[in-house]
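These are the structures in question, set out in turn.
Look for chain A in each of the two complexes below; its partner is chain B in the first and chain C in the second.
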Partner chain A sequence: MNVVFENLSRSYGSVRALDGIDITIGPGITGLLGPNGAGKTTMLRILATLLPPTSGTARLDGWSTSHDRERVEIRRRLGYLPQDLGLYPRFTVFEFVDYLAMLKELHDPRQRHRRVREALEAVDLQDVAGRKIRTLSGGIRRRVGIAQAIVADPQLLLLDEPTGGLDPEQRVRFRQLVGRLGEHRTVLLSTHLVEDVSAICTSVVVLWHGRVLFQGAPAELRKRAEGLVWSAQEASSDAVASWRTDNGKLRVIGARPGPSATPVEPTLEDGYLLVTSGSPIR
Partner chain B sequence: MSVSESTVARRSWTPIFGPVWTELRHLTYILLVLGVGVSAIVAIKQANVAYPTIGYDTGVAYHEGEILSAFLFLLGAWLAMRDRRSATTDLIASSPTRPGAVRATRLGALAVAGAAAFGLLWLIGLVSALAHGGSGVIDWVLVPDGMLGSALAAWLGFALGLIAPASVAVLGAALYSGGTYFINTQYTHYNTHIGFQWLLPFPPLPQWSADLGYVPNIFGPHLVFVLGWLLLVGGLIVAAPFRRSLRTIASRTALIGAVTGLALATVFGVQLQAEANRYTVNGPNPASWVPDYGQYSSGLSTPDPLIYPNDHRATTCATSSALRVCVYPVYGRSLATSLVSILDPEARAIESVIGRPTYVRMVPVAEENCGAGLGQAVLKEQYSFSYHYNLRGYLISCALPQLGQRRYAGFGGLPHDFPAQSAVALWLVIRSGELTPRAVRQGVASGTSGSCLADLPCTPQYSDIFGFGSLGWTRAEIRVGLAMAALPPARVTSELRELWPRLVAGKLLLASLPGYRQ
Partner chain C sequence: MSAHTPSHPSAALDAVANGRVPDSELVAHLESCPECVAYLGSQAKLDLVYAWRGIAAELDAPLPSTGERLLALLGVPQWLARFTLQIPSLRPTWLSCSTVILVLATLVTIRLVPTRALDVPVVLVVVPLLAAFAAAFASARADPAYEIVAATPLSPITALFARLGAVLGANVVLCEVAILIAGNRLTTGHRLRFYSGLSVGRGTLALGWLLPMAAVALVAAIVSARWRPLAGAAVGGGAWLVLVAVTAWISSDPVSSLWGAPAEIAYAGAVLVLAFLLGRSSARGFVLSPNVDFD
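Right after this comes the complex of A and B.
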């Protein structure tokens, strides 16, 4: 399914959280990158039909989030993990996911229970299915959130910082899960972890102050930094970013800091930092 | 996209029951337990009466539905706030189930929980009645009525919880419960002749009679009235999130429900209001009887009070040489026997009086009354029998009708209009053994100040005899009464026989009484 944003803007008072977004996102896994306050959550909430845009439209295939009946059609195909995830503390894990599955119109109890069990297994929670949510750790709650997002087999999966709080093993597991889901669905995940994006995303959108600075394949974003990443003894003052690495040298992004600097293979993070630094592109 | 549609049936006829059941299991049960517990304890304490009946005990349980309501109100508010407090609003709102439908399932769970809680409270009342040895018929109408009232409290709480924070909800529960309690008690005690109190979800129970049931029987219109409120509140709660899309069938249905509810509540509210205290009369000649209701509040007494017609249903009797007392069978012979033993001394004291009551029967709704010279007196059927004190002087007041009217005249009556009757009454009280001359003299001697000086005796028991509080005897009346008591009874009786017509007509002077010149 295709997600289409047309001239989408959203303001909170005088703050323009989204400013004329015009992109189309197709099937596959799209990573949403951007600094704090860039508008990632705002974008996902608009698509999740929770927030009306100030102007412009957001659509999933033919259905617009601004139309009441079409909104329901979008919701029927939606799995959403909010950034500020809340759960019912007095429910057990199974009951909570089961309750949301009911609201997601899985009415037949037997099939629904099977679905819930599958979703819990997918995030490795089958052993805590009977535990009350208030007794769970933050990372496990996050996984309950992922389980409820995938339980009704959504066509559009919106994940707002899904890997925050997950341990490395679960992050890997999560990547496998999302990778599998993304084969036939549209997955949009916002994150600050560029590694997540390079590991699983088929495309990247970089948001900055409510605008799209980049849209394309991760490799393309990395390419932006080609010839602009250096290993050097010292940084020049006009470098986009520089930090000392474990080999004792500085990794410098920007113009060649000096004749002794040697070019380094850029990473996705270099590309992201370069794009959001504003200078070379804008 | 057909993966999901093909493996899972997305639509079936059971979309409501699953969520309702889940909600039911997760209600804040501590509130329900506390609600039923506290109201049951209060009810059981009040139900502890000497002659228990099922009607009374279940009625008390119903009455405590008000306390239960406070907890149900909170229960509803808590459920309404749950999404907000647990930050799950987004998860729920992004599901395809309409907000109105989600609310409807929650209202359903609240209604079931409220009804069950009330049912339990009512059952506790029933068990308590049976455990006390109560008998009689069950007034089933209290069950649906209480269940609807309980659901309404929970739904109102839910409505408030949707828009207000927890502190306001707690205040709301207190105001709801306290407000209904206030109106309930205010209107029961002082203004029963208007129908406003019937508009409460748990109205003060009208007079209950083992024979007639509730009089007036408000429960027909009251059921529909509360149902109307439920439809109104529920319809608005369900329809509110559809504001922007009133074209959907669900929101239209909810709105139609709300409008229907408003209409029902209005029509039946007006009817309840008009119901006031319309008594039903069972008996041979209902048309001849007018309830003497409302005299206390108006301060007027009925000059010729009518006696509730004999319905021949007070068939459990006990007798003494001077008196026969009959009560409704539900209360058992022990009540009749105990009433005879209370009334017999007075009955014997007034044996020589023409037209004195020899037959006392229980009536469902009227006040105590004996009319003039009818030879019978009525006893009002009461839930909680504490006849012992407030029947003192009753038969004597029957013998001396104008004096008896003071009982009804209350504070507005004139205490000393009939001093001769007062003095004779004192003599009769002493003859019946209720008071000894010594006790009266001690009362006069010790009473040095305040209203008790002029109106002795004024100890609590005796103040009931001929009036309220300070209405008693004057010093002159006491002097003559004591003097009569000192004379041989036979002499006083024979002298009084000639004076009696003028005495009961209120035309005899204190100076004409046998003991005056001593």
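Right after this comes the complex of A and C.
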């Protein structure tokens, strides 16, 4: 499923959350990377047909989010995990996912129950299927959210800050799960964690104040910082960013801070910091 | 099943071999046909994981709630029944509170109206207020899973009017009982005879309180769809209280002014306009408020 944004803008009063977005996203896992307020959630909400754009269009395989009938077609192919996940505390895990499966037009009870069971197995929640949601930890609730998003086998999966509140072990398992899900569908993953993108995404979009600063493969973003990352004793004043590492030296992004500085292999985070710094170096 | 003759249920046997549960007719046939049993044994791919998943799913699946069963008796599909019941204003605690408020309002009305301490019966003022709160908390934004539900293919118009209809239906039943009780206890005086006439079976204005209730509920629903449920309840209920207070202040017969035929015609017009506005604003979907936090 292809997602196409054409000159898409969205304003909240005088604040422009998205400003003339013009990108195409294809199958695979795409990471939307950016700081808080960059417009990631707004972008996903427009794709989830919850918010209309102020101008421009968002299309999924030709269906526009701005047309009533086409919006229903989009929703039939959509799995959505919002950032603020609202659940019914008195429901059991199975009951909640089953309820959402009903609303996603899986009306045959046997077939639906089987799909719910499969979704719960995919997120490793089959053992807590009968537990009330109010008794679950934040990480397990997040997995319930993912289960409801995948229960109807969506072609487009929108995950807004899915690793928020997960511990490191859960995060690794989540990445494995999303990696599997992304093999046969389009997944858009909003995050401000570079390591999430680095681990699972096949492409990345960097958003900054509602604009696209970069779109491409993670390796390309990493490449942007090639020759601009240094290990040094002191940072120069014009460095894009610098911080002390566990070997006691500074990691400096920018022009060579001094003759004693040695070049180091850039990471995705270096590329991201360079792109979002607005530095004229690259 | 090329070796099988046409008299054997080839297609049904293949379906069973692929996991389908045999119907009673096929079971009876298998009991008397060793050839088909042998064929089935040779074809069936026993997938224990698949079979267990189906069994476990049925064991975990929830039974329909009492409310769902009641709605099913009225012909409401299970998915719509479960959706309709996920709102605060249809929970047993909410309905119990509404009942207590109506009982108190009815008692106050029975005690005070004969003494003419009040110009308008309290119970008739309370009914639209309860409806305003119930309608506001039946809006999409009162649903904890609002954002997930809004991204499903469920028609927003169906969603809105199913929930609104259910809360208004529940309120109509509760309020009618209260008004019947209050009305039947009040049998003297012109004003009280008129008031009694508002209850079921007492003339042309049998459900005279229904239209103002519906109008106030629709105002609350429109406001809460755009802002928050509490704002909807406050605007709908507040508008009704202002109307009652102003009418009681300027009119010598506030009961007739508020529930007489001219007022009912005005309420009916308002209900039509408000229902149209609500339907139009909802047709687009559960669009988030422009004031929602953004990122």
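Following the convention adopted for this analysis, the second predicted complex is superposed on the first by the 280 of 282 C-alpha atoms of A that agree within 3 Å, B and C clash if a C-alpha of one lies under 4 Å from a C-alpha of the other, contacts with A are read in each partner's own complex, and residues count from 1 in each chain.
Convention: contacts are C-beta pairs under 8 Å (C-beta built on N, C-alpha and C of every residue); 3 or more make two chains touch, one makes a residue touch a chain.
All values derive from a computational prediction rather than experimental measurement.
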Fit or clash - chain C, chain B, common chain A: clash
Partner chain in contact with A:Ala219 - chain B first, chain C second, else both or neither: neither
Which superposed partner A:Pro109 touches (first chain B, second chain C, both, neither): both
Partner chain in contact with A:Leu100 - chain B first, chain C second, else both or neither: both
Partner chain(s) touched by A:Asp153 [first = chain B, second = chain C, both, neither]: first
Partner chain in contact with A:Leu50 - chain B first, chain C second, else both or neither: both
Partner chain(s) touched by A:Leu78 [first = chain B, second = chain C, both, neither]: both
Which superposed partner A:Tyr88 touches (first chain B, second chain C, both, neither): both
Chain A: partner with more touched residues, chain B or chain C: C
Partner chain(s) touched by A:Val172 [first = chain B, second = chain C, both, neither]: neither
Chain B clash site on chain C (candidates 170-178, 242-250 or 260-268): 170-178
Shared chain A surface residues [contacts with chain B and with chain C]: 45, 48-50, 68, 72, 75-76, 78, 80, 82, 84-89, 95, 98-100, 102-105, 107, 109, 148
Chain B contact footprint on chain A (complex, rising order): 1, 45, 48-50, 68, 72, 75-78, 80, 82, 84-91, 95, 98-100, 102-109, 111-112, 115, 148, 152-153, 155
Chain A residues touching chain C - in the complex, by the definition given at the top: 12-13, 15, 17, 36-42, 45, 48-52, 68, 71-72, 75-76, 78, 80-89, 92, 94-96, 98-100, 102-105, 107, 109-110, 113-114, 116-118, 121, 126, 129-130, 145, 148
Residue numbers on chain B that touch chain A, as the complex places them: 1, 3-4, 7-12, 14-15, 18-19, 22, 25-26, 82-83, 86-98, 102, 244-245, 248
Touching residues (chain side chain C, partner chain A) in the complex: 53-54, 56-58, 60-62, 77-79, 82-83, 86, 143-155, 283-288, 290-291, 294-295
